[in-house]
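Below you'll find the structure I mean.
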Amino acid sequence: MKKIFAGILVLFVAVVLAACSGGDDSATESSNGNGGSNVSGDVIRVGLDVDPGTMDPRLANDSSASRVTEIVFDGLVELDENLVPQPALAESWENPDELTYIFHLREDVTFHDGEPFTADDVKFTFDSILDESFNAPYRSLYEPIESVNVVDEYTVEIKTSEPYAPLLSYLNIGIVPEHLADNADFANNPVGTGPYKMTDWKRGSEIHFEANAEYFNGEPATEKIVYYIIPDNTTRVSALEAGDIDLLHSPVSPQDIGRIESDDRFVVHQTTGLGHTYLNFNFEDPTIGEEAVRVAISHAVNKESIANDIYAGMDQPGKSPLIPSSWAYTDAIEGYEYNPELAQSVLEDAGWVDEDGDGIRERDGNKLSVVLKTHTEDPNRMQAVEFLQYELQSIGIDTSVETQEWPSFQESMQTGDYQVALLGWLNLVDPDRAMFNQFHSEGGSNYGSYSNPEVDELLEKGRTTIDQNERAEIYAQAAKIVTEEVAYNVVLYQGYVVMHVKELEGFTVHPGGYFKSLRDAKINN
Amino acid sequence: MKKYILRRLLQLIPVLLGIAVISFLLLHMIPGDPATVLLGQEATPEEIERLQENLGLNDPLPVQLFNYLGSIVTFDLGTSIFRGEEVSTIILTALPATIELAVCSLLISLIIAVPLGIIAAVRQNTFLDYFSMFFAQLGISMPVFWLGVLLIMGFSVHLGWFPSFGRGEPLTEGFIHLFTTGSFSVLFASLKHLFLPALSLGVMGSAMITRMIRSTMIEVLDMDYIRTMRAGGTIEFLIVMKYAFRNALLPVITIVGLQFGNLLGGAIVTETIFGWPGLGSLVISSISQRDFPIVQGVVLTIALLFALVNLIVDLLYARINPKIRHN
Amino acid sequence: MTTQSVLSVESLTVEFNTSQGNFQAVRNVSFELKEGEILGIVGESGCGKSVTSLSVMGLLPKRISKITDGHIYFQEQDLVKLKPKQLRKIRGKDISMVFQEPMTSLNPVYTIGDQIGRIIKNHEKDISRKEVEARVVELLKQVGIPRPDEIKDEYPHQLSGGMRQRVMIAMAISCNPKVLIADEPTTALDVTIQAQILELLKKLTEERKMSLILITHDLGVVAEMCDRVLVMYSGQVVEKADKEEFFTNPKHPYSKGLLASIPEIGKRDQDLHYIKGNVPHPSKEINGCRYQERCEFFFEKCLEGPKLLQLKNGSCRCWLYEEEEV
Amino acid sequence: MKQLKRYVKNKSVVIGFTIISLVILAAIFAPYLTPYDPTEMDMSKRLISPNSEHLLGTDEFGRDLLTRLLYGARVSLFVGFISVSVAMTIGVLLGLISGYYGKWVDTIIMRIVDIFLSFPVILLAIALVAALGPGLGNVVIALGLVYWTNYARVVRSTVLAVKEEEYVQAAITMGASNLRIIFKYILPNVTAPIIVVATLGLGVAIVAEATLSFLGLGIQPPEPSWGWTLSVGLDFIRNAPYLSVFPGIAIMITVLGFNLLGDGLRDITDPKLNK
Amino acid sequence: MLVEIKDLKKHFKVGKNQYVKAVDGVSFNIKEGQTYGLVGESGCGKSTTARMLIRLIEPTSGSILFNGIDLVNISKKELWQQRKNIQMVFQDPYASLHPKMKIIQSLMEPLNIYNIGTKNERERKAKEMLEIVGLDEKYADRYPHEFSGGQRQRICIARSLMLNPKLVILDEAVSALDVSIQSQILNLLKKLQKEFNLTYLFISHDLSVVNYLCDEVSVMYLGKIVEQGNVDQVFEETSHPYTKSLLSAIPSTDIKQKRDRIILRGDVPSPANPPSGCGFRTRCPLAEDICKEVPPFVEVGEGHFSRCSLIEKYKREMETNEVPTNS
């Protein structure tokens, strides 16, 4: 027993010592050494923050899942950098009437297993998303679809129950093969038409992809892609600096941006994203239900400081629910300027006065107190909330902070168990997606029970109007109202950051955070 | 012997059931449910409601608990809500990584603790003693995550000696590679990945073991039978390393068993920092997804592992301690 | 009888430094041990008898004690001045020791054979494993252990207290020592076992021509075993005498008191004699005789420390015998 | 007096005691030791490296880090002392009952201890805080509920030994009631190990709070808890390493203090090491 | 009769269907005002017997009548009342005083428990009792560690007398003391017995002390009484070979009297696995085949009993003190 033990000890010490000194040795094996299991050759190593929950595009719900499905699958369309739908699996489409789309599919496409891609796969994909029992997370986006019909092998017709303007923006969802996708295991072994095939998924640590030589847009530039799961933001950037990965994408700690930018080994891209971060006000709450309080709070939010200091300029100060990347964006809505004096006088006018001199305002013997909520996963939001707590306290509002993990926070939001919450929306490819569910009286995500018939009407109209200019006007009007009534106070327009090694070329940054352009990326040695 | 092991395993049943019940109730007390997470922010309340119904989350809690216990006793850990895979499959994939990490941490703990403890005991109340104990204490005084990040900063980012995250091939693969091809490369790479996380955990564990070795060693060196050996003219080195060490080892072995539990717990944080794909990072991500079957499965697995390690420790204890061996 | 002395202790003084302060546990103790003789050192707890024996062995706890004065001569060497390494060569070989607690004096995780064998190997470097084993078996047989072949592979806990004490004795005599020190070897044992062990010690001393220092608090044991008696009280030697002289005509008041205190079977009707008061702790400073507070013959002179007076039949630390000094 | 001398002679105790005293003094006199307010933000002064004005620099909101740490000592010590009190109360009571009454009571309590012991501690704490919600009070309760088993085990085994002591047996023969024996005869004689476990537990609790903060389940801002300061600081480790190094050191030194103190006390009170 | 013990047994369960018969059918009576001695080597069951008498250990079977009250089948409350009358002094004076209580508090405890007198009265009684056992009342406010063994044993004796008990159990009460102190305590015990009309149950392995103090004696071996009678009968008309060898094993300071010692072979058998028939036969110098049968407990003189099958055969030799040895 003792001898074995001693043997193990000796072996272990020897190996550890060897490993310490032998650093250069194995560096020769992979390009720069260390990250994940050894991979060699023509490869791009990418750092992701979480393990994908699934690899089925219909079920994808987290950023990593999207980043996998984006390179394994193709949609009928692709959204370009201006969010305009461009042909992908559908070569072209037409819009014979307000309720019908007809898509003409590419005929040269095969799935990774060699089976041809046909109209049946398209129908299958959308039928399954619409199937309630399938529990697709974004089912509501497709709900207006009445039917998907196969016209011929390479023609599909989609009919909606009413005019539904945003639909095209949502048709970039990956098409799955009918012959495989019913397998229970499909979510772990995705087979698509995209530029890369998934070859190996080490749960919680690595995902390996191999170029799909048969890709209809031509063979991808790089042979292999590896995604490494590195949950910690700081570690992930460190991994880039240590040469363990070649590319990483938001989320990053804003404070890392400057350093990497000034490091000539790396390139940093920043772009506006498709999301915003906002304060959500609960209209059911007696305190927050009072407009003066909401206005005062809004004037106490120093968006400039949050954007520039906490987010290091990665995000921009926000104004309204319409984001800059969208065609519906307008400068006309100014939002609320940072003006604590004004905030105080607004409260003063509403009768909230500090009578007992404790620094907190009262009215009718009730203290003006507010609980600020956010979730714990995003350190910057936690910092923003901490900052807001101080700002609100300074104008005489007794403010405390409550941070919860995402699922608990989500439940608080859905059950209306909050006063003011800081959170965000992503993937706002269409203004409808940014506003309908959020501000319509019947909207599924109208946590704060905001209700204004005029806004309801505008949002319904915006949805059924096809003309983009007309829609832009409608949404501008709606955004103006909700901003004035302070349903939301949009604090930030989210930005995306991509960092990669200088040698990496061909990766383009997309406001949607898409990884599709990995098919054109290559490391030049 | 067999009877003893069997009895111990039987004793484990109520404990595991207790753990199952407590973890079940605790997890269901946590606000937020898997359906909400699974469907995301844009899902409608009706969709969420429907999914909850499908997942059986709307049944009364006692019914859910009963169903859960029912499946547990048939060795069915259920299916992951998020992955759709069998929980047992998921756990079996992550388990080796955690065991590898825990065992190596334990080895590092011992490598640090055994010499320090012995030196401290033999040179009791001298500078060497204080130094050893101070050094050992440093380890346990640092939050593991802090030490982990510092190690990454120092050894990966600045020195570039060790990888900053992730796991290489399993150690077993490394050994197979070594024995089939004679090449150390795979084993090397695996050990390099293992070193920093194992070190940060091992340093934590070493404090307790060091002081245990020190105090049992001091106690043993004061024993009559050591005096007997001295009276027989035995050289001091042999007295310490042979006649005292094995006796001192006995209580240490028990501590090492408990320490293993701490390591499994510490691994939860360490794995998250180092992106180590074991039970720890699995359970953390599963909690944040409210993937209850996985969390419960991991808790049961860790408890079982802990119990088995302690059973092994007890058997080992019996092997070294003739008093028990003969009863 | 012109027997030589094998061991002679001269004015040994041992100082302790513990949490209870500094004190002399043994004060100026001298005695000689003759070849083949059994010397009894008697005294109550705290009198310094064990410290004396540990000093001879060089086993005083280093951290809290040291010999501040005196010599211990063995074969023309002063053990006090020897380096640890030299001392180690004598320990277990020329001088060895049997301790009080047979239950704790053997290492529970090593076999009997291993532990006895270790002592042999300590002193005979080139001995083969086989020889060691044979010697162990032989030794076990000599100390009266049944089935020595099996017992040598057993562990201490498998043996009774008496058997363990036999093993301890086997260890002590394994290298044919000239001097054996037995420190309360039977105190922890039942009376029937005590008789066995004493018998064994006596037999071995005779057979092997060893000298034995028997440390005990039990005057009965001394009477049964010893040739000469040394009485210690509070760190000092108070009386030295041959056995017959001591038991028939004890000199020192303390010796007298001790002897009278023992209840003897058959003498039950009278009140027991007793010594009043308590044994003073060695750290207690006393001017003059350390027994004065308890002594029934106390007189003024006792306030000056009496020296050890040489009398016709032994010596005694008491002014009462000043005139009898030779 | 002799007792005191023994404590003074033990270097661990002296060093540990000194460290802890300094930390406690710092916590008490925090307002007098620094001219700054721990919550006052000034974005124009954010992330200033240590200098003569801000000895340890400023944090991401321009708050003086030293001030944050001084006030943070209050939070950390509060977490430590209260959670240890909670754990101690539960553990000592159950340990006394378990050890004294034995039989099925003991079996049941020890099984419960087994159950708790088999949970990875941090996981249990995470689950409890997640269930109770983050915040100072809940963190303290959760840590108390997690760490009581140590006390129960230690107390139980000490009780088992003390129960057999002759003075306890004597009390039984004198007709003393169970309660009297438990609280008057046994409890005073198990305090030494309890104090040791509690002292070490204080350190453990402080580290655990930091870990919970790191996992986003700690004490809510703007309370300047060390754990929260440290885990936020780690986000800045590359740009402003002092933001995580100093809180880390604060935790380390304090925990070290408790550990040294506890270790020293154990050495002193352990009868086996004090012959 | 103050105490009547009949067929008292204590069997400890050590394994499945395995019992150690620590006390196996012990019967004796104690007369008021007398000292009753229980003698034997370690493990013979004498202490267990005493502890059953005061109900520190629950008897397996048998009856204990104290003043005619059956202590075995008695309600808790009544037992509590009766305990006042029975007090105990333990062997280890260092362990039997609460280390954190002042002497006066320890002494007052029995009065506190039975709520006797006012605080002042209790204090006065405690101080009186200190004087009675030969300690100055100035010691009252000290702690036990400030006293020597003999002084502590005086305190314990004082404490045992606080409730004016009828019976005091002295469990090896002088064994741990030095000879000069032992004699002081023995004298004290005798004095107190007269003064307070106490009855003692005196447990000891030391025959000479028993001989000195006791009126009646039982000698125990392996859980059974092997010889019983008054002290003269047992020590002078010894009838059991075990008692005989015990007596002969005591080293005597009387160097003139030459004795033939009987040295018993071997060790006391384990009580878990006692020999069949006569428990002593494995060591008995006289053992014959008949000893494999259970020996009767025969009356060899008036109130003098012996458990030996050979009693008739050797009666004559025994009486003449000539024990044949078959070595």
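The chains carry the letters A, B, C, D and E, assigned in the order they are written, with residues numbered from 1 in each.
Simple rule for what comes next: a residue touches a chain if its C-beta (ideal position, glycine included) is under 8 Å from a C-beta of that chain, and two chains touch if they have at least 3 such contacts.
Labels paired with UniProt names: A = Peptide ABC transporter substrate-binding protein; B = Glutathione ABC transporter permease; C = Dipeptide/oligopeptide/nickel ABC transporter ATP-binding protein; D = Peptide ABC transporter permease; E = Oligopeptide transport ATP-binding protein AppF.
Note that the structure is a prediction, hence the values are computed from the model and not measured.
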| item | value |
| --- | --- |
| Count of contact steps on the shortest path from subunit B to subunit C | 1 |
| Chain pair bearing the highest count of C-beta contacts | A-B |
| Centre-to-centre distance between subunit D and subunit A (centres being mean Cα positions), rounded to whole Å | 41 |
| Mean-CA-position distance for subunit E and subunit D (Å) | 50 |
| Distance between the centres, which are taken as Cα means, of subunit D and subunit B, whole angstrom | 22 |
| For subunit A paired with subunit B, centre-to-centre distance based on mean C-alpha positions, whole Å | 36 |
| Shared-contact residues (touching 2 or more other chains) in subunit B | 30-31, 125, 149, 153, 272, 287, 320 |
| Overlap residues in subunit A, where contacts from two or more other chains coincide | 234, 238, 377, 404-405, 408 |
| Per-residue overlap in subunit E, given as positions that touch at least 2 other chains | none |
| Footprint of subunit B on subunit A - complex, ascending | 1, 8-9, 12-13, 15-16, 18-20, 22-23, 25-26, 29, 33-38, 50-51, 53-54, 61, 132-133, 135, 137-141, 184, 187-188, 202-206, 228-232, 234-236, 238-239, 241-244, 377, 404-412, 414, 425-426, 433, 437, 444-445 |
| Residue numbers on subunit B that touch subunit A, as the complex places them | 30-34, 36-48, 50-51, 54, 82-85, 90, 93-94, 104, 107, 110-111, 149, 152-153, 156-157, 160-169, 184-189, 191-193, 195, 272-278, 281-282, 285, 287-290, 316, 319-320 |
| Subunit D - residues contacting subunit B, complex | 11-12, 111-112, 114-115, 117-124, 126-128, 130-131, 133, 203, 207, 210-211, 214-215, 227, 230-231, 234, 237-238, 241, 244, 248, 251-253, 255-256, 259-260, 263, 266-267, 270, 272-273, 275 |
| Residue numbers on subunit B that touch subunit D, as the complex places them | 14-15, 18-19, 22-23, 26-27, 29-31, 125, 130, 133-134, 137-138, 140-146, 149-150, 153, 207, 211, 215, 218-219, 222, 258, 261-262, 264-266, 268-269, 272, 283-284, 287, 299, 302-303, 306-307 |
| In the complex with subunit C, residue positions of subunit E that touch it | 41-42, 148, 150-151, 178-184, 186-187, 190, 205-209, 211-212, 231, 235-236, 245-247, 249-256, 261, 263-264, 267-268, 283 |
